[in-house]
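Okay, got some structures for you below.
Next, two complexes with chain A in common: one pairs it with chain B, the other with chain C.
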Partner chain A sequence: MLSTHPAALEPPPAAFMTGARRLLGSALALKLVAGVLLLIVWEAVVRSFAPAYVAKPSGIARVFGAVISNDEFLAAATATLGAVVKGLAVAILVGVAVGLAMGRISVVERGLRYYVNSLFATPMIAILPLVTLWFGYNADARLAVVVFAAFFSIAVNTSDGARAVPLEYLEVAHSFRARPFSTLLDIVLPSSLPYLIAGLRLAAGRALVAAVVAEFFISIPGLGYYILFHSRTFKHNEAFVAVIALVAVGVSFEALLNWITRRYLPWARRD
Partner chain B sequence: MSPGARWSRHAPVVVSLLAGAALWELSAHFTTRAFWAPLSETLASLVASARSGVLMRQATSSLGLYLSGLTVAILVGAPFGVLLARVRALRIALENYIMMLYATPMVALIPFILSMMGFGFAPKVLVVFLFAVFPIVYNTVEGARSIRPELIEVARAFRSSEWRLWCDVMIPYTLPFAMTGIRQAIARGLVGMVAAEFFLSPSGLGQMIMMGSQNFDTPGLLAAILLIVVLGVCLMDLGRYLERRFAAWRAYEC
Partner chain C sequence: MNDTTGGERPRIVMTGAGKRYDALQVFCDIDLDVGEREVLAIIGPSGCGKTTLLRCIDGLLALSAGEIRIEGERMVAPREGVAMVFQHFGLFPWKTVFQNVAYGLKLAGCPKAEISARVPKYINLVGLAGFEGYYPYQISGGMQQRCGLARALSVEPRVLLMDEPFGAVDAQTREILQFELLRIWEMRPTTMVFVTHSIDEAVLMGDRVMVLQGRPSRVHEIIAVDLPRPRDRATLAMPRFAALRERVWGALMDDARRAEFEVKR
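This part shows the complex of A and B:
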């Protein structure tokens, strides 16, 4: 069996491969050059066409250190992140419970399907004015919007996962007379975890957007309000540091989920 | 399927919709009108605004904004994504930045757009565009990564013209992924539309929601939210249909 021999899997050292390999070797250099070029274009466009207050890389670099060590900025970042983490925690607890019930109990699924699917498709920022009527213009309203934004994608994905549990697993559990509760915790939940992770990825993005929009709307301290305030007072460079912080949060959450998937759920890799 | 079985399958759905409607109607009688309004008043408000023509005007304005932003996003995003698919060096150079922009909460840019571009139609279209374009580019590039280099090499070996290469390899392989991107863009664009209508110059359904909340006209507020829910559901179904329609092409992969 020549084809399964390890040597057969190694790439042939043919002439046409060296070009491709050189390209891959210089991939990092290519990315860096592209990044620098993008920054130069941004800087040049702003300098030649835009008013002086518009954010540009040199301006952002100048204020970056001062902003991220500023107490007001740190308090804003803590407030936003705190709301997102708290909201996600609530959404996960309730969303997983509702999702598992919908996935395994058909009456629950048929009863709730239209509501959960419709609200999953709704941009949750639309209910923001309603939520401020209920909770007032305060941090509770922000938390509520974050929970609403995150809940439905978790519930929808968990219920898809709970429905996709292989039938053999359930049959084995049934033949060993597992109690329904332990079937749920030991078989259905672990087997729907990859779906839950996919839902969480979506939920985290939505939660971040919801928190920022709520801060714009309610004017409570947070990264969204920090951006709004500083861009209104024409300090775009300072405001942009908060955008960078939001991107960093989004990207690192994505990286965290990828790491968890690789480390603890190796069978659920996306590619 | 016997009528009895069909009834037992659909009964919970019908019961749940009726129960939801009843709950909506009854709960309003236990709260003040500032918090919640009964379904009947909400529907009455919807009919009233439809009669006066306000509904039609605002919905047209919202849809115009949404479709302009989404169209520009598709026209820019899809060709750019396929270009990145074809020019490998460009893709390697830019893919990390595209991923970063894909993960950026675009709402955070609205205050900048407001103070630089003010209150016209163009800044609002820009907001919808920014919400919608990166899912399309990102997913198309993901599709490009799935094209095996052998296919292009074989096409070259048979002296395929650039045109044939695009028709037979590049587009069939990237289109299903681009459709996934367009499905995401359809959903995100709607969020962008509402955000633009809230925070730039108020218009359309966003303005209806805002006015409902400012005038303590809770039935009007709920009516506008209900419209957005219906719009969201229709658009999500459309997106899923498009994705499924072209997903069959993915069978090419193995």
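This part shows the complex of A and C:
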């Protein structure tokens, strides 16, 4: 009987660990030095060549606290983030359903693939004026553009994943007399999850872009509009705080997806 | 060729079984009964269709000619009471050992309480106690196949179909698993069909060894293995084991040699 634990779980030798940690430490130091240098160059260039209202690190630092505790800014951030999250939720629900159907049902796949791929390649900004005609100049139009931007990358990736389910898994399910619906939920969906996560990574970025561009165009409260308004009133430092907020949202999505992958799909990176 | 050992009622009856893919006739004219407590080993050269035949017995594939009945019922789809162990293990990487073993029971509509009672029993039986929470990627190939075996055994099948179950593990692990399987079979003897390309394994496991040969494959010879049970490592040292091994070897070799020198067109 095997009582030893698998080699994969054994801690690596101590010498290797300290080596890796030292490398990591120096990489972090390198990043910090590079970041500070970039800020210094930015500050110097703006001070020497640009008008006073152009955003520079010292100016951003000065207004940062006031902006992020400002009600108008918080409302804008909440509106943009809310639209992105809501839009992604709709895109995931519908995109996964359409993707699974396309991946597993050949009639659906043959009927839809051409259109889904074409729309996936369509820049969502192109439909923005049309969307405002249908929905009006309001938050619904923004939501629609976000859904449109996110939906196709999720549907395309999920259908790729559903088609790539190894035949062995389906054979096992068949042998144990699984019904089609149980196979879909129990085998096809989990097997497609790594693809779905990849699609979601793409969709999150596209959704964020869509929300900001929609706000530029429609002029409704949100971080995009906040940036537009403060740029045009020569408050570039304030506008830049909103840019930083958008970066933070994008990076947080990325981190969240990485965490989900590590926590719930530890098997996905090993195949 | 309907002589099952021990004069039992046959559990599997194959009559005129044949399978073709378009122009390719894989096997044909297979007539054979397998008894209730019999182990039938199927051996033949690569590509002879032994795995295809096993899938037909399970109902995963449809026959093109003849029929296969299990407990009198014609096999057109997988049915209750029959379970298969795959060469590729077929474990789901997103399920733990426990969840993989529970898969068959869950599909059979087993209540939760019974699943949590039965799964540990079979995990213990195959020697995986303590590894319930591990994912397949965390355990060795041998342990993965123990898990595959536990999954098949947990539904308490009356027919166990083994598709080269130890073909993907290393030689030492293979030997360990062979004797583990013999031990487990002794505790609960059932009908077992064991596909292999190892002559030693066929003789060690089987009550009879069916040698498939030719293109398309037919039953070339059925060799009764009169080695005593329970079988263990000592069985391998018996002169009778060596003699049977030679007989199976002889039945296989003409064709294997011909296949090796065949020019592909």
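Assume the second predicted complex is superposed on the first by the 244 of 271 C-alpha atoms of A that agree within 3 Å, B and C clash if a C-alpha of one lies under 4 Å from a C-alpha of the other, contacts with A are read in each partner's own complex, and residues count from 1 in each chain.
One rule holds in what follows: a residue touches a chain if its C-beta (ideal position, glycine included) is under 8 Å from a C-beta of that chain, and two chains touch if they have at least 3 such contacts.
Please read these numbers as outputs of a predicted model, since none were measured by experiment.
Residue contacts after overlaying the shared chain place A:Val156 against neither chain B nor chain C. Using the contact criterion defined above for the overlaid structures, shared-chain residue A:Ile220 touches neither chain B nor chain C, since it reaches no partner. With both structures placed on the common chain, the touch criterion links A:Ile92 to neither chain B nor chain C.
Set against each other, chain B and chain C touch different numbers of residues in chain A, with B touching more.
In the superposed pair of complexes, A:His236 makes contact with chain B only, with no contact to chain C.
In the superposed model, A:Val67 lies in contact with neither chain B nor chain C.
With both structures placed on the common chain, the touch criterion links A:Ile197 to neither chain B nor chain C. Of the two partner chains, neither chain B nor chain C is touched by A:Leu100.
Of the two partner chains placed by the overlay, only chain B lies in contact with A:Leu30; chain C stays clear of it. Within the complex formed with chain A, the chain C residues making contact are 58, 60, 77-80, 83-84, 86, 88, 90, 92-94, 103-104, 107-108, 127, 130, 134-140, 142-143, 155. Of all residues in chain A, those touching chain B in their complex are 20, 23, 27, 30-31, 33-35, 38, 50, 54-55, 106-107, 110-115, 117-123, 125-130, 132-134, 205, 208-209, 212-213, 216-217, 223-224, 227-228, 231-232, 234, 236, 239-240, 242-243, 246-247, 250-251, 254.
By the touch criterion given at the top, residues 9, 12-13, 15-17, 19-20, 34-35, 88-89, 92-94, 96-97, 99-100, 103-105, 107-112, 114-116, 149, 187, 190-191, 193-195, 198-199, 205-206, 209-210, 212-213, 218, 221-222, 224-225, 228-229, 232-233, 235-236 of chain B touch chain A in their complex. Chain A makes touch with chain C in their complex at residues 1-3, 6, 8-9, 168-169, 171-172, 174-178, 182, 186-187, 190-191, 193, 265-268, 270-271.
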